[in-house]
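Each chain gets a letter, A, B, C and D, in the order it is written, and its residues are counted from 1.
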Amino acid sequence: MALDKNGIAKRIAQELQDRWYVNLGIGIPTLVANHIPEEISVDFQSENGILGMGPFPFEGEEDADLINAGKQTITAVPGAVYFDSATSFAMIRGQHVQLTVLGAMEVSENGDIANWKIPGKMVKGMGGAMDLVASADNIIVAMMHTNKRGESKLLKQCSLPLTGVGCVKKIVTNLAVLDVTKEGFKLIERAPGVSVEEIKKATEGKLIIEGDIPEMNI
Amino acid sequence: MALDKNGIAKRIAQELQDRWYVNLGIGIPTLVANHIPEEISVDFQSENGILGMGPFPFEGEEDADLINAGKQTITAVPGAVYFDSATSFAMIRGQHVQLTVLGAMEVSENGDIANWKIPGKMVKGMGGAMDLVASADNIIVAMMHTNKRGESKLLKQCSLPLTGVGCVKKIVTNLAVLDVTKEGFKLIERAPGVSVEEIKKATEGKLIIEGDIPEMNI
Amino acid sequence: MINKVVASAEEACKEIQSGMTIMLGGFGLCGIPENCISELVKLKVNNLTCISNNAGVDDFGLGFLLQHRQIKKMVSSYVGENDEFERQMLSGELEVDLIPQGSLAERCRAAGAGIPAFYTPAGYGTEVGEGKEVRVFDGKPHILEEALTADYAIVKAWKGDKTGNLIFKGTARNFNPAMAMAGEITIAEVEELVEPGELDPNQIHIPGIFIQKIFKGHSYEKRIEQRTTRKKD
Amino acid sequence: MINKVVASAEEACKEIQSGMTIMLGGFGLCGIPENCISELVKLKVNNLTCISNNAGVDDFGLGFLLQHRQIKKMVSSYVGENDEFERQMLSGELEVDLIPQGSLAERCRAAGAGIPAFYTPAGYGTEVGEGKEVRVFDGKPHILEEALTADYAIVKAWKGDKTGNLIFKGTARNFNPAMAMAGEITIAEVEELVEPGELDPNQIHIPGIFIQKIFKGHSYEKRIEQRTTRKKD
């Protein structure tokens, strides 16, 4: 059975390593914070200017001066620190953040990502995504394997304007975990009960399948 | 009579304008702070990281963590602020400091300045001087008109390695006040009792003398 | 210390003219200069180029200026929350220059720091990099980005003293410091205005040298854009 | 939050090796990492490239390392106070790269901020500009300066918490923040080490993300280089 958004977040949480600073994008990536293994210590950076982001505040305790990059009210953990945008992106561009998790509309088999613009239609802007994908050593894309029309989001080539080139290292979708390699999308794990065939069908870009593909353990 | 160092500083203080931020170099420039007219408000920046530098501390009240760019113990005035070196030179390079006063070994008639190195001999380094002279709109050089051997320090061309090119706007020496113009050193004022002839003799670079040259009023 | 105090938003903004380029601090609706934005609406200046990370929402923040068609061009990184913005942009009424958020912040800081240009990897290989110089450092392609300047920068701080020293609170800091450095003239509106010496000189986020005018804002709504909470267990 | 605490200077410096490039914070003798400098002397590592605004005095600060001939190359802006330095430099034993102070600070920050290079007017037309690209912006010539990196950055702060958040005091801040950002590994020694949460998150000068190891310094001499005072009237 294909994963729901929480399932995707749960699987991504397994990628986190002890002592990592992590930037979580809006949407599915935000949910990753709910699934951190207790035995590891990671800190969350939000690019609007906080390191040590905590959970949402209790009702009535929201502070308009304390939000995350998704404009949501948040809290800060003990040891948190606030800083300005230039310093925030110094952290990101300078590769002090070990992992970036973000959503995408399209990813190509060479690791290009598109997630900020649909020409003539949606105008959102790239926010911090272009800085994040151009800088981070580890970039995991969290997304559905196909779009609302059932079309693959894992493509030979992105059709939408790019956010970054050759930068995505790993993709976790509702169907699979894939590494982006020089040869294409390498299938690593299947969602529980999802067949290799289903993944093949949902993947337009080059898919590499070597040996038995295990099910995710979530 | 030629001015002493305090006299030079006193004359330079007359150039300061209300609401200016000012950076004073080591040596004669430091003395300028003692002669600020009471009716104007100026703040002193020291490039090691303070804005709002006050006088030296009273004996016994020195703080090792509070020094100026000359490594002297200082105090801070109410409203002072401390900052890091990158921010300090952001202020300087970004032209937020209105006036820089510094010493020199040589100045050329086109405004070049040399004050950091004597090849094969003195090794000091440029400190912040290269940033200061490359950035400030107003640069006043405070120096003796001639060196210890009686040779002019106002030259056609600097013989020592340069600190900056075409940047000096005004020079105040023990003998005279001169503007650096496209045509050369323009004599503006004489030190009390010093003749134009004496200044001519002490100036190697092109000296422009137009009309009567008044005595300084200090 | 030099006194930068003016009486009000009206006094601070009175020389702002149509056609000017204005930077406005804030991220979303957090840390925006509410009082000056209201004043710009009153002033009816138009044809403005506004540099701000976001464009407010339909009826708050820069959305006010958009409603009144006072903005000719927006320079932002993310404008997803504003329907009126999207309408004006898609219809061609509004020019938009979208810039990666980190490059926007660094380009403001660069202007304030006298750095005319710098190299960054952000945007290489995308529309953002089109027409820009590419140079490879340590095997990685970068593009050349230039400093962003503005006639006015308008920022909002938590506390300020009369000489313009500013302290921000929480994530309301965001773009305010970098923009404060970049303005030809910088206006700071603050929630609390104190005498010089009342703020600890170790704890000031933006030194007063970057600020030309400061005033205590009349009132702050501080609207929350996405109120998210959890239940007490 | 991630815990960065190590027990001592010995523990913090144990992997520093001969031939490495090390940044050291401080301006003159103000804000220098005294405990780590002593440890480097003990470790007898040599052939070091040291990036530090100054080179200490003959018997304090980096002067210690010079006395013991542990430094192969100094990268500094001003070295006027140190006779042993001058002797080693003029005799050719010591390589020296003199850099304008503002460019030194900005090149450190750039390394930490992922900016590989930037343009500055400082040094144009001088020895510093020789061999560097010149580009004119707004009618003014600038030179291209590249980021300065280091295997280790060693900084000294006033207060720090266990996750590496740092607060500096007075003008002892100087080069410490920019260098803290630039080190491949950054060691912070502090006068006071507290639990995460004890420092106000609004008032931290350098976020812990830039710090890999932190410890409370054993003792601080904090020698004054130029004791200048005035008499009470």
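We adopt the following convention: a residue touches a chain if its C-beta (ideal position, glycine included) is under 8 Å from a C-beta of that chain, and two chains touch if they have at least 3 such contacts.
A quick note: this is a predicted structure, and the numbers were derived from the prediction, not measured.
Among the pairs A-C and B-C, the greater number of C-beta contacts is found at A-C.
When every chain is reduced to the mean of its CA atoms, the largest separation from subunit B belongs to A. The mean-CA centres of subunit A and subunit C are about 28 angstrom from one another, to the nearest whole unit. In terms of their C-alpha centroids, the spacing between subunit A and subunit B amounts to 55 Å.
Averaging C-alpha coordinates per chain places the centre of subunit A 36 Å away from that of subunit D.
Shown for subunit B are the residues that touch two or more other chains, namely 76, 82-83, 86, 89, 92-93, 135. Counting partners per residue, subunit C has 106, 109, 113-115, 120-121, 168-170, 201-202 as the residues that reach two or more other chains. A list of each chain pair in contact follows: A-C, A-D, B-C, B-D, C-D.
Only residues 27-31, 53, 76-81, 85-86, 89-90, 96, 98, 100-106, 108-109, 120-128, 158, 168-178, 205, 222-232 of subunit D touch subunit B when the two sit together in their complex. Chain contact summary for the complex, subunit B toward subunit C: residues 19, 21, 41-43, 45, 51-52, 76-83, 86-87, 89-97, 135. Here subunit C touches subunit B in the complex through residues 1-3, 109, 111-115, 161-163, 165, 181, 195-197, 201-202, 204, 207-210, going by the rule given at the top. Within the complex formed with subunit C, the subunit A residues making contact are 46-50, 55-74, 76, 82-86, 88-89, 92-93, 112, 116-117, 120, 123-131, 134-135, 161-166.
On the side of subunit C, the complex with subunit D involves touching residues 106, 110, 113-121, 135, 137-138, 142, 146, 167-170, 201-203.
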